[in-house]
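What follows is subunit A paired twice: with subunit B in the first complex and subunit C in the second.
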Partner chain A sequence: MAGSNTAVKEALKTHPAPSSVSSQEVHKWLQDFTWEFKSNRTKYPTKYNMDNNTREQFKLTAKEYARMESVKEERQYGTLLDGLSRLDAGNKIAPQWGEIMKLVANFLETGEYGAISGSALLWDSAQSPEQKNGYLAQVIDEVRHVNQTAYVNYYFGKHYYDPAGHTNMRQLRAINPLYPGVKRSFGEGFLAGDPVESSINLQLVGEACFTNPLIVSITEWAAANGDEITPTVFLSIETDELRHMANGYQTIVSIVNDPEAMKYLQTDLDNAFWTQHKFLTPFIGAALEYGSKYKVEPWAKSWNRWVYEDWAGIWLGRLAQFGIKSPACLGDAKQDAVWGHHDLMLLAYALWPLTGIRVSLPSTEDMAWFERHYPGWYDHYGKIYEEWKALGFEDPNSGFLGAIWMMQNGHGIFVDHTSSLPFCPTLAKSAVRPSFLESNGKRYAFSEPHGERMWLQEPERYEFVNFFEQFEGRELSELIKSAGGVRSDGKTLMAQPHVNTTGLWTLDDIKNINLTIPDPMKILNWQPTH
Partner chain B sequence: MTNSNAYNAGTNGMEGQSFIDEFLSKENSVIHSSDAVVLAMMKTEEIDVIIDEMIKPMRVDNPTIAIEDRGGYWWIKATGKIVIDCDEAAEILGKRYTVYDLLVNISTTIGRAMTVGNQFIITTELVGLESAVPTGV
Partner chain C sequence: MSQMQTFVRGFADPQRQAEIQALVPSEPLESKRDHIPFAKRGWRRLTEYEAVMLHAQNSLDAVPGSQEIGESVQKWPGGRAAFTIESTALISSNWFHFRDPARRWFMPYVKAKNEEGSTTERFLKAWVENGDYRMLNEDWVYKVLGPTYSAFIFNEYGLFNAHSSTVHTGLSDLIKTYIALSGFDKNDAAQMIQTERVLLAKNFAGFDPSLADGKAQWMTSPTWAPARSFVETVWGDTYDWCEQLWAIHCVYDEIFGQFVRREFFQRVASIHGDTLTPWIQSQANLYHQQAVDASKALFFKMLQDEEPVYSVHNKRYLLAWTDRWLPRTGAALKAFLAVYRDLPVTLEGVTDRAGVQASVERVVDDWVTRFAGPLGYRFDREAFITDIMSGY
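For the complex of A and B:
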């Protein structure tokens, strides 16, 4: 003990305690106690040289961090648990919105979980004490966010009138054809590869760009559709994101003056933008426009504001003087912002029994809104939905399934090997230019050239077994049952093709369709000949 | 004169096919650098006061500041910089209020955001590159 006291006294001689106790002075003082870089080792080395003098813009100390976060929790849970329960808020939500939140909250939970690892590996790689400080606070933030997103599903599961899906969406991820796209962007994108590349994916693109529509502007839609829970929780999540955005910016600051960085930075930025955009642009758009009864504004306008004008202009545009250029894929990304969510939703309707939620085809009012904001929508998508409805899309006795209609009409559904998301080459209006490549005796589908280029550069990075490969030969009702996609009676599906309380589909109705899952890559007449 | 930072200024003021044509135009398929900053602040008792008593009056000196009520949050966009002095906020609110209390309710930033002493600053400046990160003490 005596020895340790001496050590403390010696340390205080070298680094005198501050004369006042303002939190920022404490922060400055703490930075004097730095890591010994000569012996510092990292488990996750980066190809970039991260400057040891990089700063952390918010100057956090553990005391101020903990106080700030505890106030957030008190305000968030304090509001929700008492007042909203008494107001019966969970039952005043527009059904479409209550359904889409089954996916939004659950998919975002995966992102927050991946972000724990992503920010932890950055903490390990960085050598600047302040930079480490910022990353470390982010690790703790991300744990908080996992709990918050799970809490949204928990709250809906407890109070919303159709809890099925809010209660066990994690289990249903196994068969949801959209979920591999979540894993690709939020999982692999956030935490694998070079640490600085992870920072670009997670902090500079995922958080600084796409959390603004996904977590901030979505709250306006939630409020408009009677959801009193999501605005409070999501806006509280985002109060941490601004520090993460600053972390991402300081990652760039820490490397950008090194001439070697420019060998990689533009490619890593382009790939990260495409990786995050490929899932988030169609998913957020579909969630907002097809998951709502009351619509706020066209998704393409939100994208223009939050992604193009503000994120790209204020972040990337200002960094142009350091050699950052517009991503080569920007034009295609904008085409996707107009049409990608309509393409994705068409497939979600076609494959509804696998989604775990109740979907409803656009109403007459919805169709008019879509046509007004996306001229040409009705002729391309609206007519299909009208035909499907007439053929019995909603009726459990009809034997109709959109996926079978597509197969019978020559519209193959494939899985893009880079983004892991499904696409239909013959019905897409987004920037789809498909290709089918062979490697080591296996054939792969790609929906566009940006992803194809990424795969060609690092094929081992995109290894995964897609939905059709995994479940080829399985009968659909048997697959849904084995994945837990039924309600407490053991036979009624969690997913439904309408939001009515009667006329619910059961496993028997799916069994009557008699669909054995094919592997589209083996059905050659679906594939373009080029 | 319309504020170019307004919520639906520029391309977003167009509708239907006109909007899509402008959005997808060649001119808009590359990034244009912006000197604006954006803030979203959760609506709370304190933030509503800060908007009314501190941010709105800032428009006298900086008429580019646009403020929008977006349901659960305030959306603010300005050219250059926004500084929120939490000593001043504490005086207006009549209670202890630090910059870390303010951060409880700032939901997003686009631009370089930081704390300096008891001030919250968001700026178009590339701090750490064009200038040093201010120490605050």
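For the complex of A and C:
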């Protein structure tokens, strides 16, 4: 059969059918669709020189694109609405995983949304019609991906046994101290800046580097934990990502023949990698390992394969011919891949009422798994969790909150000004080398020198009010209530420090803690130890 | 031998699923399953269209209606934020109140476009195999569908490109969706003209499917000069994204675009035995209709009728923008009427002065009904039409 198909294709190539027009027969004229005119300039100019003759690899016309995508949509929504609904898939999921998906789906939605504008930026900047066409397809793909990731929350909200949080994470995330980190890398990192810099963030790093560990690893962990909903959607998303990676590659191809490009390219790549890594490495690791009952491959190992070997080695290796090297910060990133997610999760536990999800401390089996794969984990983190549990971490009558314990024990929580993520200098095992700098009468915290350098070079790009500054002086229960973090009974929190069905915390339990959000930069004068 | 860990699928493995079920509560922990309950519903119940996009935008609280508190955390070099209200002169009390009347999100959108593509494939096959092309007037094929029709590709392609910065800058998620889909439709419209021209090249010896003649017309012919000027200005020189959308969908494409597609290519094609061009252009007309509906929902429903504070301010800008873009639109149409001078076939009531004037009046009056009237825009209709007709 294959032979006869080939013969037919060859025959059609020689003698095109007079009664049909293939998309390739149309696409081959695309480069001629444009014209030169005086004001044909981008609204968002790039410092790079993009070649007007750059071609695009996938060569899709609008109708061909729609044909391909509609098939995928039919399969995906058919599986969700028919097969998985009849199989009651929403109630077959381990609770830890059903909870973490409240964040994962929504945070990924943020990234996909940022990518709509990021791709539009490139569509605007590129002059080659084929390139514009490829970026346009990505714009529409990203609309698809927002719809899909949103549909995960929507579907869980309808079928999962705890819809709270799946239904309103777009509101709850406003008070989540982790969310500004998503906005920084996944949101504005994709769309606010030089278009090529945005492309490097989105396509060359976000998609080519982190899509595999983000989307593929998550589907494996999801399936292990009883979730067939997420793989159905995420693997369908992944089928578009190859085109996006190709867009990123073509972006680089379109600029590298200009010798001037190398003045900026390596720095932009280094910054983009650090920007994306800074959030994605700890967040994905925490989601997989702490959001699961059943473990699969340790995150550090997956990261090493996908990021270190595959991307930094093979993918960037293809660009070595143009003089591009692996990011200088890769070594620190590798250390973060081992410990960054444990550091981040410690803070998520400490600040659990603001996360909008039910978290659970590692069980005895979890602790053994962590220690087995991350030697030294127990002495550093495990003992803290055991102490917290003994002090009543899960008990609504205990008045215990990890964040208060940390402050009382001299472990300040700060917000890294470049990544917008919280960090704790005294409890971090990742590549944290903090510094506290003053500028124009305001003090800023930095968890490491890579981000600090980005801020020093372009401070105006990181002018924002961080989580603690925003909410300083707000009482915790009042803040949760105002963000919609309460269930339909008007008192029980959506977030909980366990996944049990009893012993649920209420607003009153939080009020009894009597925590008013402080700004650590005002009350802690952190000094380096030596 | 290394120890191989076997992957266990939690959904399908009986033992693992039993363990999971032991953790699943007998009753849901929460009875309320309303999605995004905080959001205003555009219809009686929340639609899927809203569920999968509304409030996805992570924006700063300076964008009215945003769920966020604070601001964007990475800015452009120089300090400008990602989504900023200064990107347009229009003001909304809530940018998240926009709803596309067609409720288009990705799934129904590509499904519909795929159906249009599939139907077109079948139509083309039948059109050729039934020999419909034999009815075509050959001068129409070589002299009009050759250069003139391909010149129109540049019009559609230029308008498509004018959507890139508007997608980037549009101030809410459902607005961005409508702009992105409208831009995609314009790209499709340009490609579908070329699809038709490639088919013609297969069936008419010597028909050149290249865009060389069309580009020459677009770049040098007085017939297209004002249209090209309009497209270049709205694409390259207009920075206010609302003004771009208003100028494209609510003025230019409603008058000039509708005339070229419907009154000229669809109507005049038929007297040349051309049943193919009307088919192809009917899709572009559908896309225009959908863009018009969504644009009216934005500029009239949201920014005026339901805008509690800034409706007068917004109306003032729309009136001023119409003042700016309507004369250029009229000039484009006036110049385009030159195409009637060299038509291979003429027909009383269609291609003569009275027929063309009726066509011009139709598109102008449609525009008055859909835009000028609701906006309260006053202009001298007779003088406007007379001026356009002077190009005939």
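The definition used in the following text is that the second predicted complex is superposed on the first by the 496 of 530 C-alpha atoms of A that agree within 3 Å, B and C clash if a C-alpha of one lies under 4 Å from a C-alpha of the other, contacts with A are read in each partner's own complex, and residues count from 1 in each chain.
To be clear about the criterion, a contact is a pair of C-beta atoms (placed from the backbone, for glycine too) under 8 Å apart; a residue touches a chain by one contact, two chains touch by 3 or more.
These numbers were taken from a predicted model, which means no experiment stands behind them.
With both complexes brought onto subunit A, simultaneous placement of subunit B and subunit C is permitted, the two fitting side by side without a clash. Shared-chain residue A:Gln250: touches subunit B; no touch with subunit C. In the superposition on chain A, contact is made by A:Glu220 with both subunit B and subunit C. Of the two partner chains, subunit C is the only one touched by A:Glu458; subunit B is not.
In the superposition on chain A, A:Thr211 contacts subunit B only, with no contact to subunit C.
By the touch criterion stated above, A:Gly313 is placed in contact with subunit B alone, subunit C being left untouched. When subunit B and subunit C are set side by side, the one touching more residues of subunit A is C. Of the two partner chains, subunit C is the only one touched by A:Leu136; subunit B is not.
Contacts of A:Asn514 after superposition on the shared chain: neither subunit B nor subunit C is touched. Contact with subunit C, but none with subunit B, is seen for A:Ala62 once the two complexes are overlaid on the shared chain. In the superposition on chain A, contact of A:Ser439 is made with neither subunit B nor subunit C. When the two complexes are laid on top of each other via chain A, the two nearest Cα atoms from subunit B and subunit C are 8 angstrom apart. Contacts of subunit A with subunit B, set against its contacts with subunit C after fitting on chain A, overlap at residues 25, 64, 67, 220, 223-224. Taken in their complex, subunit C has these residues touching subunit A: 7-11, 16-17, 19-21, 23-25, 28-38, 48, 51-53, 55-58, 67-82, 105-107, 110-111, 113-114, 116-118, 120-121, 124-125, 127-129, 153-154, 157, 160-161, 164-165, 167-169, 173, 176-177, 180-181, 183-185, 187-188, 190-192, 194-195, 198-199, 202-203, 209-212, 215, 218-219, 228, 232-233, 235-237, 239.
On the side of subunit B, the complex with subunit A involves touching residues 7-8, 10-12, 15-17, 19-20, 23-24, 28-38, 40, 42, 44, 70-73, 77, 98, 100-101, 103-117, 124, 126-129, 132-133, 135-137.
Every residue of subunit A that touches subunit B in the complex is listed here, in rising order: 22-25, 28, 54-55, 57-59, 64, 67-68, 71-72, 75, 208, 211-212, 215-217, 219-220, 222-224, 231-232, 235-236, 238-239, 241-242, 245-246, 249-250, 253, 256-257, 298, 300-301, 304-305, 308-320, 322, 326, 330-331, 334-335, 337-338, 372-375. Of all residues in subunit A, those touching subunit C in their complex are 16-21, 25-26, 29-30, 32-35, 37-41, 43-44, 61-67, 69-70, 73-74, 77, 87, 89, 91-95, 109-110, 113-114, 116-117, 120-121, 123-124, 129, 132-133, 136, 139-140, 143-144, 146-148, 150-151, 153-154, 157-158, 161-164, 167-168, 170-171, 173-175, 179-180, 182-184, 187-189, 191-194, 220, 223-228, 293-294, 296, 420, 458, 460-465, 470, 484, 487-488, 494, 499, 501.
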